[in-house]
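Okay, got some structures for you below.
One chain, chain A, links the two complexes that follow: it is found with chain B in the first and with chain C in the second.
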Partner chain A sequence: MTGARHITALRALWVTAILAFLYVPIMSVVLASMANTRYMRFPHKVWTLDAYREAIASFTTWQIHAISFWIAVYVVIFAVLLGTLGAVAFARFDWRGRSVFQRLLVLPIFFPQPVLGLALLLSLNAVGLAPSWKTAIVAHLVWIVPIVTLVISIRFFGYDPAQEEAARDLGANRWQVIREVTLPALWPGIFSGALFAFLLSWSNLPLSVYTSGPDTPLPVWLFSRTATNYSPLVPSVAVIGTLISALLVVSLALLLITARRLRAPRG
Partner chain B sequence: MRTRTSPGPWFAAPVAVFMLLCFAAPILIVTWYSLMPSRTFDLTGALTTENYRAAFTEGYTRPLLWSLLGAATTTVITALLAWPTAVILHRYAGKWASVTSALIALPIFISESVRLFGMSVFLMPRGGILAGSLNAVFGIQIGSILNTWAAAQLGMIYIHLPFMLFPLLLGVSLIPADRIEAARDLGASRWQTFREVELPLAAPGLLIGALLTFVLCLGANAEAAILGGRAVTVITAAIEQRFNYAQDWPMGAALTVLVILVTALIVLPVLSRLDLNKLTRR
Partner chain C sequence: MTPAEDVSNGRPVILSLAGLSKSFGSLKAVDDISLDIPEGEFLTIVGPSGSGKSTLVRLLAGLETPSGGDLFLREARITDHPANKRPTAMVFQSLALFDHRTVGQNIEFAMKMKGVPAAQRRQRALELLSLVRLPEAYYTRPVTQCSGGERQRVALARAFASEPEILFFDEPLSAIDYRLRKTLEVELKELHQRTRRTFVYITHSLEEAMVMSDRIAIMQDGRIVQTGTPAEIYGAPANRFVASFMGEVNILTVERGAAGGATFAEIGQPAEAPRGAYAMIRPEALALGDGPVTAQLEVTQRLLLGSRTQVHLVAPSGATLISELPGSAPELQIGTRHAFSFAPADIAWMET
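Right, the complex of A and B next:
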């Protein structure tokens, strides 16, 4: 009996250690942001939130967040449009060439991102386009569209196409079938797909670093300031940027729960 | 039954066109560039394989080997860390399973720059989080692995662990519990059960995790830059140098093509064997 308890404790310890490995560096960023010295001397003599005040007062902070935000917004729009159509082809219909389409579509996921970024940079130069936040959107999409397509497809595989025929037999026209039957089945996938797209774009470094040109998104700014010109401003901006994405996830989750609560009494 | 010509291709078309223009075309352009004479900037020169010869004779094999070694090491170590974790989460964690899985997934959505920066302040010598705390609490002074290959390797394991764990969790969930019991009842040892029953059944998940981890690490650059202090030059850093500082696009393109070839050689055979329908339908 004690042996079994030991093993249970050991298992808990293992998982805790893995979680610690994943979260200690993230906590370290928070700790580093509370210093007021240029060189880290932990434990800090003075614990302060000055770096956050400086970050909020600085124009650059707002600018890099705005750039990241707009890139992510456009990525969400295009990725959801392309991904939804792609998922219908991926999961709803059985057609000749589907398995080839499925395999080719996942290729960009299994591709080293910095290498993709460099290949895109060279191609932009070749066709005479200057890299900017707009080209970063395209670069993000190459990687994110396949992921969003997969996410929507997974939710869509459980869908029974016979429902569409049933609706048609009951007299629904083509548009009504799409609105009343197909889209409601797609919604959960589209919702998670859009969330994935936003978060992955917001945090992406390896594609942005080569394709955003003079426009610096948040992760690229953090990357370059970590290497040179470090100050507690860097970790505080990192914390702010991460909190924004966390806030988005939490508020969307709350929205979803409220929507479900509101719908429940009717149904 | 209703229609012989399925609308499938029409729905696939927008994605397919986008991928042709923004994924396939750039690869073709890079390949074409790699066949141009050294230090030229347009695509009209006479075709040459000189860049590839130079890639193998002028010291570029070292960065490529570093990247391959780093990717292989990371794949093996993350698999060793992730397997027991996946088994515990799937079989023993009970009500904690979903919370723990979510906690493990979360870091994927936190930028690599943030997490690697955190790792570097943790490892920093003297005033770093680890060294500083040990000194303040226990009076112990320790060195630091920051700015060495080991730190870059640790960073790669740290960043890619979730990418291995998730497919593996899927893989482990493919093992029916009664199959393990049956094997044990028939007198198989723990190791035999693992090798003959669990591993083959979980193979699709393990394969996807390993593929994802290996390929992502092959291009990994930020780990070596932030944690490794450029103690070693990885292949992406070598390519970047060719593009930016040396202004030798064809050479950079040739190195890019080599990485793409290595990736294709590893990804395509595995991918052609996986049944994506079966895996995504779960």
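Right, the complex of A and C next:
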């Protein structure tokens, strides 16, 4: 059938177009990192990996990665903790003022991040805290906790709270109910929430610019070096940073799959 | 003979409710209920939605704390014991299966909480699967891949796995299609006969209660208005509420102070009719032809019910009645008038 073949061809074209749209910009960063000029211009006269050698040898490269990494790790820990508790309050229980809480909670997401960053810097000044990577954690949390809360809350839709009563009826104490019923039901939400938290913090620029002080996270460094002192070092560091976060995501996913295999009942 | 022995034919009382009450704000969901449940009984509590039957069973299971009264399990006071400390298990309306677990893990939950070793748990779970007629292969199946009827059986096996002294059922069959429900009703009754455990079943369907129960308690507005065997309730409903619960019955009014009240007179007034009462006549008791009490009625509707025929009738007074006759009753065409009759003995009298 020619009609079916047309549709197959169109679908292939469509998929290719989407992938090109998503990946061509990323590829261009990789290409830019292999130049030896201070100007972004294609095609290169000389193809070289000098920028990568320089990046790997430079202390700054590892410092900015470490700062971003630790900010993201703390953000994940606090965001998951607060987000889980928030989700329970947000979606599981009905209480006076819940709808107000639900609206107030999502408000920071709609706030433009540069404005939020400035507001946070002003508040930090007001309470006398010097900006550093620690204050950047707080700033990221203000924006990321609502998102993580929403992501985890989604798990409560379609969740039958009678499961908790059933567990209790079958002899589980309060802690066992949480461990055996509530947390396993929330776990996929907690996992995606943690992933979101890490990636959103890892790549955040507008909040970090205002609140990280003398400590420079990866995105801030990339931004300022692109703006003022560009060299192929910038795209090469960007590629390294992307690889690191991709590696983290992939290894986490592998870990999860392995854990699921091990836990699966035999027979 | 004490009243407790009276209802149980000598069997000991396992659960005793003494003035049990539960209020939500100003609403009395359960209002001062006293009831003795003998060991091994299949008791069904029937009531419309909002009658408090679900709250009552939740009080018995320990999922709600009563606002008043006491609860005794074999004469030990358990009023304040939480659900996990009571030797009872509930099959929930939503079934409340653990969605992220397999059938086997669901069944083994109570044993896992008690610290039973895994091999022993598995052994027992497989026994329970055969008790509820599920193949052993289901042990490893995720509950999300089970059909509605299979989920019912898993919920039942899970409740049995905790070795409960009493099983509670909170309308577990209400969301199931008619044919499967009928099958499961019979299976549940058989399971009760085989295991001889005490079952307390909640439903809004008196028909379901009639099929399964040893004894029925009917609830209205937080109170129990009648208890009795299915035959007792069928034969002598305590009031119009209970009678109307049985589906299509004829309820006729005899006006207070006027024996031979307008409505009833059209059909015929039996001599022994007390004043100011309601009379219930079952559709099958209203027969075609002359009899002790006869009236001329016009057919307004005719419905074939397979082996029987139901006709809707109107009396000259305007009162409407229903009669059910065996066969197809070809002479009862719409618009024709016929003599219908019933015997005074077929009337169930109700004061309210």
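By our rule, the second predicted complex is superposed on the first by the 240 of 267 C-alpha atoms of A that agree within 3 Å, B and C clash if a C-alpha of one lies under 4 Å from a C-alpha of the other, contacts with A are read in each partner's own complex, and residues count from 1 in each chain.
By definition in this document, a residue touches a chain if its C-beta (ideal position, glycine included) is under 8 Å from a C-beta of that chain, and two chains touch if they have at least 3 such contacts.
The structure displayed is predicted, hence computed values, not measured ones.
Between chain B (first) and chain C (second), which, if any, makes contact with A:212: first, second, both or neither?
It touches nothing on chain B or chain C.
Touching A:167, do we find chain B (first), chain C (second), both, or neither?
The answer is second: A:167 touches chain C but not chain B.
So which one touches more of the residues on chain A, chain B or chain C?
If we count touched residues of chain A for both partners, the winner is B.
Looking at the overlay, does A:181 come into contact with chain B only (first), chain C only (second), both, or neither?
Once the two structures are laid over each other on A, A:181 reaches chain C alone.
Could you tell me if A:120 is touching chain B, chain C, both of them or neither one (first, second, both, neither)?
After superposing on A, A:120 lies in contact with chain B but is clear of chain C.
Just to be sure I read the superposition right, which of the two partners does A:8 touch: chain B = first, chain C = second, or both, or neither?
In the superposition, A:8 touches chain B alone.
Examine A:242 and indicate which partner it touches, taking first as chain B and second as chain C; both and neither are also allowed.
The answer is first: A:242 touches chain B but not chain C.
Using the superposition described at the top, list the residues of chain A that contact chain B and also contact chain C.
In chain A, positions 165 sit in both the chain B and chain C interfaces.
Considering the complex alone, what residue numbers of chain A touch chain B?
That would be residues 8, 11, 14-15, 18-19, 21-29, 31-32, 39-43, 81-83, 85-86, 88-95, 97-99, 101-116, 118-123, 125-126, 138, 141-142, 145, 149-150, 153-154, 157-158, 165, 199-200, 202-206, 210, 218-220, 222-223, 226-227, 234-235, 238, 241-242, 245, 249 of chain A.
In the complex formed with chain A, which residues of chain C make contact?
Contacts found on chain C: 61-63, 82-84, 88-90, 92-94, 96-102, 104-105, 109-110, 113-114, 139-140, 158-159, 161-162.
Enumerate the contact residues on chain A facing chain C in the complex.
160, 162-163, 165-173, 176, 180-181, 184-185, 265, 267
So in the complex, the part of chain B that touches chain A is made up of which residues?
The contact residues of chain B facing chain A are 2, 6-12, 14-16, 18-19, 22-23, 25-27, 29-30, 33, 41, 43, 81, 84-85, 88-89, 92-93, 100, 103-104, 107, 109-122, 124, 126-129, 131-133, 136, 158, 161-162, 211-212, 215-216, 218-222, 225-226, 236, 239-240, 243, 249, 252-253, 256, 259-260, 263, 267, 271-272, 276-277, 280-281.
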